Each structure stands twice: as structure tokens, then as C-alpha cells.
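Structures for review follow.
In what comes next, chain A is part of two complexes: it sits with chain B in the first one and with chain C in the second one.
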Partner chain A sequence: MDENTLSVIKLKNILLVTVPDEPGDDIIHELQTKVLNAIEKYQSKGLILDISNVNILDSFFARTISETTQMVALMGGQTVIAGMQPCVAITATELGLHLGKAISTLDVDRALDIFSDNFKLV
Partner chain B sequence: MTNESGENPIQTEGDIVTCRKLIRNVTSAAGFGMTDVTRIVTAVSELARNVYVHSGSEGVMRWQILDKPGQIGIQLEFEDFGVGIPDINQAVEAGFTTAGSMGMGLSGVKRLMDSMTIKSDVDMGTTVSITKWGRAK
Partner chain C sequence: MKSMEHSHSKYLSNFDNWAEQKRFVDFTDKDVEFLKKLHPFAVEYADTFVEKLYSHLMTFSETKRFLGDEKTLMRLKLAQKSYFIDLTSGEYGKEYFNSRIKVGIVHQRIGLSPRIYMSTYCYYMQLIIPHIYGNPAFDADTAKGIFSALYKIINLDQELAISAYIHATDEVISRQTEEILEMSTPVIQIWEGVVAAPIIGMLDSSRTQQFMERLLETIVTTNSPVALIDITGVPQIDTATAQHLIDTINAVKLLGSQVIITGVRPVIAQTLVHLGIDLSGIVTRPTMASGLKVALDKLSIKVIDSSKE
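Moving on to the complex of A and B:
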């Protein structure tokens, strides 16, 4: 995978989107439209945003995640944020960031468990 | 590690990432721990974006590694030549924003750092200085 692109993979009824480690503003802008278009195209009911590679989450990125979660919800889908690194969780909390209505899990496996157990989507 | 310093222009959106990468390398090499590196790089991202969004095209980031016995530190300065901040106290309040963001920028950066000072003249520009100390390895 190119180190600086978003990867979007359809898994049954959900989308797995992996964010690169140092996402620039262009990637973050792209995230929203790419995700929403893919949800429409594949008729996905859920989104896993894998941020396990991400080593910086600032207010701009957090706002985009929060807004995207809301937009996905308007399209009838649930978002799960997977794999936030400890140092990113510490910094995001100290900075005062919040991710809106997204559910968080430790990793992608647990996100898949949520979709299979709670939403019967996988 | 003494007397290390440098600067980087903030003129394009891409410069925000360049500044982040530069300071990630500088602070890691200086011996800051992983969490402090993340705090500092996140502060850089917030302040570099402020400079880019509010000042047009002539911003700059300056950095300097500091040291005193048993400690490592970094001081960073973000200067723009934009419209300036009329009310600095208001700008540092959580939730204040003129740019449609979460408004966590300056108040959040202050919490991530050990100190933050802002100098601003309306129509002349703004300089935000931040300092972070860590234990030397």
C-alpha cells in the first residue's frame, strides 16, 4: 500500500478504511467524500475507520472523523473507530478532542466483533 | 544536543505536514518520550494550521532545542503576518473559533505544553511561542 493513501476495502456489508500514519490535510479532505461515495456504491451499513497507523490526531482530523460519523449515520450506517494508539489517545484527550457518536475499539478484530454480534452485518 | 535550531516556512497546506515531520524527527532525536513527541507534534499541527489558515502565505515556524541538567526541552515559535488577534484572552478560551473548527486549538495547545505565550498586533500579525520540557534519557 502506498504509505500516504487511504485504503478502502469492502467486507460484506461494511467498509474497512485504513488511514495512513501521517495524514495530510488533502487525505483528510478526501476521507469524507471517498467514504460516503463507497457507502453508497456498496450499500454498506457500517464503517470501520482503522487509525492504528495514525500517530497524530489534531482538531482538524478529529472534526472530520466526527462529521463523517454523523454523515454515515444520516445514510443509515454505524461507524467504529479502531486501533487508536495510546499516545494519540492521551494527546487527544488533553487537547479536548471528541469523536462524536463513533464507537471505539482497541483493534479491527474487535470492531468486526461488534458488527457481527450487535449488528449482524459480518 | 545543545544549540540545535532551525526554521521552516508555512506557506502551503503541505508545509503543515513538513513541519510535523521535522519536529517529530527533532524531538525524537533529542530524546523526548513517545507521548511527549506526540503532544509536541500535535501542538505543531494546530499552530502551523492556524498560521496557514489565518495568515495567507508568509508564516514561519522556528524551533530550538533547550537543555538544562537532567532535562531536555524545545521551544517553538509560530509567526504569521495576518490580521492579528484583537482579544488574546478570548482566543485562548476553549470553544472560541473564527474558522469553523472545534475551537480547541489554542486552549488545547496550552494544555499540551508547559508554557505558551502569544504576542499579537492587529493588522501586523501574531507570534505564538510554546515550550515543552521532558526528562533527559
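Moving on to the complex of A and C:
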């Protein structure tokens, strides 16, 4: 997993991160740092986390997402979780994991819609 | 036929337990010897016994309808004869075990109640007893031994037949349960972006699991931001059912879709409030139609009655 460097893509005033299928703790940590640095650099108003490749959600990952959402909010951005797999949603519900203030959308397209509608929620 | 073989094969694995069962009723080699002593008489009188038994069965309408035409009757009598002769054959191994298991399964399949064939054993005993105690070939002790051995083997037979009968019934029940489970939680797409899931019956934890999986799967494949869960078919709601419902709603939310609960009948609304279940963050509507309206509103879709234009 050496070459597995996380890329944070800037799309206009939004950041897009595609999370790899089995994110290890170090990758998750890297994600938080990179995202926060990018927000500072680009003054982004939003973050889209595409987790459609993720099949397993553990408590550390869930907590980091929840914390990152709060941190992004403190820096003036809204976090959107896009494309969660049904099995992940079921596990998260069973374990009682919360993603904090993050909004979920079915896919990245709909996540972009949220930002273009200026936070008008579906 | 296949299902019969299926249950049959399941029972073969239980054959080991049968040795234990024999030990339980204290069925020993001594008993086998006693039964063998009766065997010549059983062979001699088998035809008479079977005839007597069947003419007895013919006098009851409940059993008569199972006996069928002349040909079936002949076949049944032959089967009965070999069954009877086997009883004292002295061989009580796997083959014997199988044939007794089959009795239970076949009777379950044709729908003959255990009441009838249990009583048939009793009738059998009445026919045999005079040949044990009134038989000049046996002294008092031998007769006692034979009687006891016969009683044991019949008890073993009954146990096998009843167990097989129950097993066959259980299989039918579990298959039907599965079918009902499958049937009662359909998830359908009713509009582009809207799926509907009517729940029929109580929502227990195993059904919730299945229901949740299917609902989430459909939401993702149809890319639907709104899901209507209709509870018109839920007879009564309790805290457990409500919790299952809330879990499902939370899982749907995580996907990025929204749930509208429809079909909230007055009695359900009353129960929810009395139980103190808080659904305030969730859109609820009394009918599926009104729920659909909310869903279309959310999707900014307008439905126009063209006749009124």
C-alpha cells in the first residue's frame, strides 16, 4: 500500500477525496491532515468524501470522519459523505456509529448538487 | 419425492442416536432373542392380521379415504405385511431404522394424523397378545419376555415414526416461514428517485435485517433520494419494532437518502405516543398517496391533472 497516497482534488471551491477500499489508520490520519491543509490553502467551502469503495467501516474511521467534519466546520466548510455502501450503512447502524454533522448523499453528483444549491438540503 | 429423500438423509445422521434410544428403553440382545421366538408365528399369521387390521380400518371414514382403490389397497396390505414381519425379524439395524423413519415421513406427506397410526399399534397388540399368552409353545416366563420385548420394539418404532413425522412437519413450516419472509418485504421503485417498501406483518429482528438489506440495496441501485416505508400492514407496533424501524431510517440516512413513513393509522399513532417513541425528526404520513406527494415535492417534481387545464 506504499503507492497509496491519498489525493485531495480541488474542484472550484470544493475538495473531493476518494477514500481507498481498505483505509488503514495511517491513511485515515493522513486524510484529515491533508484535507485541513487544503481547506486552509484554497479557502474551500466544502468537502466531499467519496467512500463508495469502502466496504468496512470501523469505529476509528467513523470517529475520524465525525471529527474531521467538525474541524472542517470550524474552518467554514460543510462535509458531505457520498456513496456509502449498504453493508457499511448496516454495520454502522448496528454498531451505533455516528458520522456527526456530516451529510450523506447517494453519489458524488448529488453531493455537488448540494453545494450548487447553496446548502439547500434534499 | 426429492424432499422426502432430503429429510431421509438428514435422519441418517441421527442413526447414531438410535443406539442410545435402544439403551434408553433397555432393548437388549435378550429382547432380540425373544422377538425371534415370536417370528414364526408372526409369519404364519401375518396375512390374517393384515386382513383383520384393514377390515377394521375400513369401518372408519377417516382411514377409509386413505385406502383408495383395490390396487392401492393390495400394495398397502403388502407393505403392512412386511412391516409386521420385520417387527420380529431380529434385525434392528440401519435398514430397519430407515423403514421406520419412512413410515413417519410418508404419513406426514399424505396427511394421515399420528393419532391414527399410533392407535394402529394398539390394535396390533390386541391381535398379537393371544398368540403370546395363549400359545402352548411358550411357558409363562418366555411369554412375559416376549411381551416385554414386543412392547419395547413397538415403542422404538413409534418414537422413530413420530420423530420423523415432526421433523417432516417442521421442514414444511421452516420452508413456509422462509417464503413468507421473502414475500412480505418487497421493495419497489414507484417513481424515478422514489422507492416504496410496504411492510406486512410484525417486524422482528431477523426480518429487519433482511428488510434493511433489501431496502438499502434498492435505494443504491435505483439511486433514489427518497424511500417510503409503508406500515399499513403492520398490525401493532411495540418498542422493539419501533427501534428496528428507527435503525432502518438511520441506515437509509447514512446512504444519503431520506425516509418517509406512510400508513400511520390512528391506532399506530396512539401506540407510538403512549410508548413515548419519538419520530419527530422523521416525516410521517397517514397514507402512501400523501407520502408520495411529499416525496415528489422534495424532488421538485410536479404532477399536473391534465383534465383540469
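The criterion applied here is as follows: the second predicted complex is superposed on the first by the 113 of 122 C-alpha atoms of A that agree within 3 Å, B and C clash if a C-alpha of one lies under 4 Å from a C-alpha of the other, contacts with A are read in each partner's own complex, and residues count from 1 in each chain.
Operating definition for what follows: a residue touches a chain if its C-beta (ideal position, glycine included) is under 8 Å from a C-beta of that chain, and two chains touch if they have at least 3 such contacts.
Not measured: the values here are computed from a predicted model.
Asker: So, on chain A, is it clash or fit between chain B and chain C?
Answerer: On the shared chain A, the partners fit.
Asker: Between chain B (first) and chain C (second), which, if any, makes contact with A:D26: first, second, both or neither?
Answerer: first
Asker: Let me test your reading of the model: by the given contact rule, A:Q70 touches which partner, first (chain B), second (chain C), both or neither?
Answerer: Neither partner.
Asker: For A:S104, decide between first (touching chain B), second (touching chain C), both and neither.
Answerer: second
Asker: Which partner does A:A82 reach: the first (chain B), the second (chain C), both, or neither?
Answerer: Only chain C; A:A82 stays clear of chain B.
Asker: Have a look at where A:I90 lands relative to chain B and chain C in the superposition and call it first, second, both or neither.
Answerer: A:I90: touches chain B and chain C.
Asker: Name the contact category of A:F60: first (chain B only), second (chain C only), both, or neither.
Answerer: In the superposed model, A:F60 contacts chain B only, not chain C.
Asker: Just the number, please: smallest Cα separation between chain B and chain C in the overlaid arrangement, in Å.
Answerer: It comes out at 8 Å between the closest C-alpha atoms.
Asker: What residues on chain A does chain C touch that chain B touches too?
Answerer: 86, 88, 90, 94
Asker: Would you tell me which residues of chain A are touching chain C in their complex?
Answerer: Within the complex, chain A touches chain C at residues 81-86, 88-90, 92-94, 99, 103-107, 110-111, 122.
Asker: Please name which positions on chain C make contact with chain A in the complex.
Answerer: Those residues of chain C that touch chain A are 209, 212-213, 216-217, 219-220, 223-225, 247-248, 250-258, 298.
Asker: Any idea which chain B residues touch chain A in the complex?
Answerer: 13-14, 16-17, 20-21, 24, 34-35, 37-39, 41-42, 45-46, 49, 94, 101-102, 104-105, 107-109, 111-112
Asker: If we count contacts the way the header does, which residues on chain A are in touch with chain B in the complex?
Answerer: Of all residues in chain A, those touching chain B are 22, 24-26, 55-60, 62-63, 86-88, 90-91, 94-97.
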